[in-house]
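By written order: A, B and C. Residues from 1 in each chain.
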Amino acid sequence: MSTYHSRAAGRLMVAPSVILLFLWMIVPLGLTIYFSFLHYNLLMPGTETWTGFLNYQYFLTDPAFFTAIVNTLVIVVGVLIITIVGGVLLALLLDQPMFGQGILRILVISPFFVMPTVSALIWKNMFMNPVSGLLAFLQKSMGFQPHDWLAATPLLAIIIIVAWQWLPFATLILLTALQSLDEEQREAAEMDGAGPVSRFIYIVMPHLGRAVTVVILIQTIFLLSVFAEILVTTNGGPGTDSTNLAYLVYAQALLQYDVGGASAGGVVAVILANIVAIFLMRMIGRTLEA
Amino acid sequence: MARRVTRTRKWAVTIVAWVIGILIFFPILWTILTSFKTEGEAVAMPPSLLFFDWTLENYREVQQRSNYFMHFLNSVTISLGSTAIGLVIAIPAAWAMAFQPTKRTKDLLMWMLSTKMMPAVGVLVPIYLIFRDTGLLDSRLGLTIILTLIDLPIIIWMLYTYFKEIPGEILEAARMDGATLVAEIVHVLTPMAIPGIASTLLLNVILAWNEAFWTLNLTAAQAAPLTAFIASYSSPEGLFYAKLSAASTMAIAPILILGWFSQKQLVRGLTFGAVK
Amino acid sequence: MGSITLRQVNKKFGEVAVIPSIDLEVEEGEFVVFVGPSGCGKSTLLRLIAGLEDVTSGAVLIDGKDATRLPPAKRKLSMVFQSYALYPHMSVRANIAFPLKMAGMPKAEIDAKVADAAETLNLTDYLDRKPRQLSGGQRQRVAIGRAIVRQPSAFLFDEPLSNLDASLRVQMRLEIAELHQQLGATMIYVTHDQVEAMTMADKIVVLNKGRVEQVGSPLELYRAPANLFVAGFIGSPRMNFIRGQAAAAYGAATIGVRPEHIQISTEGGIWQGTVGVTEHLGSDTFLHIHTEDLGTLTVRAGGYVDFGPGDTISLTPDPGRIHRFDSDGRAIR
């Protein structure tokens, strides 16, 4: 279905989207790169000077940067482990025949729809507060000393909050994948004498493989830039204990007004995300062909 | 699954699954319950689950003190606005890519997706400065523009996967029947794709409603949607659990309900059609 | 109104020439069938005429006027698609009315024309249904209805019956043929089924690998196939081809004899063989006969034959109906 007329129309129809996204991608990123070579402080406008790689040198040698990279990765990996393992188990459970499956499904996916600021605040105040939080109450009633989650183990607290938000996502996608498994395949395996365990290993796992990859890659993109949860719970603290790369750049720019340094951090974040993105694109590209 | 499952087994699975399900849902449930308590009961130890004096006082107070309704309207305007503009731009593009594919269509789609992978912090600084200099900072318009741009790739992708399922012959038939391009899209493609367009709309409203990077960084008192409004409770004010809960409940309720309706499409949208 | 001329039409997809070069004349009121195996370019050719694809070079003339660069909507042609391509969200009425609505015809006139078309096609009772509530045959009629309301210069059919079951196919075949007589309009019909081609066409165009192998009336093709391809493609069961010594005896590289042109007897024929599988159709019997030097031959015999598997049999071809082909596969006349 392609004629001269329809091809021309096609180009015309795609143009607005392409132009908009191109501008969106190029203009700000170009500016970020430009700023990253400047000494540029918001409080002292008009004093911008070219500094070459100085900003990168400062940013990369800042001990906070190293902490931020580690924290970023810990958050990504921690949340991924919890959500994937939990997601597979939950999906297998929800796929079993039971009463009230529909309602239960709705309950389980609900946290995904809660906005990040709300879930962070609920957890911070009503659950993790060492004096009046529910978790503290549980510990006390069992005779333990209440744990101050946000002060003592801030990163763990953030991982729990973020994992709670993303577990439903993983579960839902894995469950959908599980339900798309051809019933005849399962039956054929059963006729071939495969027990429940071998069916899981040889039939179900390979089928879930693709969904798991998708979950890992998509979550990684979002988890690399966890921000709101940190902002409203720990503000990156105590010290820089729970600062990730996104929060560090934000702090550099809008709390310390150091545009140059923040831009250098932004460029580093883009490079990091690109490394991950390359894998994701390959993966989705293959799906597109299928 | 036409086989019989023993009743015991079914009951056992039901009980285990429901216990886990309720645990996962518990923070939301607890928030909703707390929103109906007095501040005193909200921090009472041991906490009361259901047996307390139910009150609507918190809802009234949240509205009175902080003009909650304005922030709610901001959320509605920004999420619906960005989705609607996104759809208008994306429908023609998705049409072209689904029905007039060229050698570069696949690359184009991948490139569009890749813009989505750019971390927001990478462009925070210039966007903030551009907004400051053009007066878009803390404006609903500015936020709508940003959310349109960040959601555009997902909208195009979702529409593309839905359009792909419409047989091209039907559009060709319309062309043979004398329909112009616009008539073809308005009278034939769009009505046929209504379910797909609706779920695209739904998912994007949800994503835009919950977006919490740009909304936090680009708004202050005026244009702040609920995400940013709620963040103001991170101060000691958040220790008023009942009011925090009331504000939170109001902020999540609309989208929670939308989300329940769109759970099937959600999977497809969020995985760019890789899992259906 | 309704003549279509193709002049040196060439179509390439990238580097691949799907249609190297075709010249063809479709006259007004003719029922022309494009037939050939899948991938022979017959559908592409139809879409070139429709304007759904651009020709790479050459010209398409409709009613003597150059339509090569006209968009499909402006060519005054109607098309019935393989999948019917009905608009699923519109009622039957709206489906049939759609081309008229696009042409900006007044409502009253549209209603009258739709009613007319529905009458012709026995669809009056179904006008308010949606396509999904109709049977395959009814959908097919709606697609035809949508095509006839605008009174086009010509109708294009792209394998319209291939989604129907066998008995319905026979019935729709008749209906389309009747419609052609009634309207007297030019029709171009694409199919891979030579039975459809033989029964419906005024003129058959046999296509193979993007080339026209032969153009002619059904009986011309049956009686005087121009080459091995046409000889093998037209007629069912397939013509028997014999090479080697037996063919050389007739001064040809290959000879062809149709199954219905071979006589069987217990002895005295010029070829001998053993009966293999026999297929009884009631009216006819197809015998598959294994011979020593000629390979397996198919023979059509009457409904009752006394031969069974394993019997030795003697064969006599009808000498006036032996087709001779040279070493390039062309018929020797």
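Annotations
The working rule: contacts are C-beta pairs under 8 Å (C-beta built on N, C-alpha and C of every residue); 3 or more make two chains touch, one makes a residue touch a chain.
These numbers were taken from a predicted model, which means no experiment stands behind them.
Chain B has its Cα centroid nearest to the centroid of all protein Cα atoms in the structure. The chain with its Cα centre farthest from the Cα centre of subunit A is C.
Summed over C-beta pairs in contact, the chain pair with the top total is A-B.
Spacing of subunit B relative to subunit C, judged by their CA centroids, is 54 angstrom.
As a whole-number value, the distance joining the C-alpha centres of subunit A and subunit B reads 16 Å.
Chain centres here are Cα means. That of subunit A falls 58 Å from that of subunit C.
Contact with two or more other chains is made by residues 52, 71-72 of subunit C. Residue positions of subunit A touching 2 or more other chains, listed in rising order: 1-2.
In subunit B, the positions touching at least two other chains are 172. Within the complex, the subunit C residues that touch subunit B are 50, 52, 71-73, 77-79, 81-83, 85-89, 98-99, 102-103, 146, 150. Chain contact summary for the complex, subunit B toward subunit A: residues 1, 5, 10-11, 13-14, 16-18, 20-22, 24-25, 27-28, 30-31, 34, 43, 45-47, 89-90, 92-93, 95-97, 99-100, 102, 106, 108-130, 149, 152-153, 156, 168, 171-172, 181, 206, 209-210, 212-213, 216-217, 226-228, 230-231, 233-234, 238-239, 241, 244-245, 248, 251-252, 255-256, 258-260, 263-264, 266-267, 270-276. Subunit C meets subunit A in the complex at residues 51-54, 69, 71-72. If you check the complex, the residues on subunit B that touch subunit C are 167, 169-170, 172-180, 183, 187-188, 191-192, 194. If you check the complex, the residues on subunit A that touch subunit B are 1-2, 6-7, 9-11, 13-14, 16-18, 20-21, 24-25, 27-29, 31-32, 35, 90, 93-94, 96-100, 104-127, 132, 134, 137, 141, 164, 167-169, 172-173, 176-177, 180, 183, 210-211, 214, 218, 221, 224-225, 227-228, 231-233, 245-246, 249-250, 253-254, 259, 262-263, 265-267, 269-270, 272-274, 276-277, 280-281, 283-285, 287-288.
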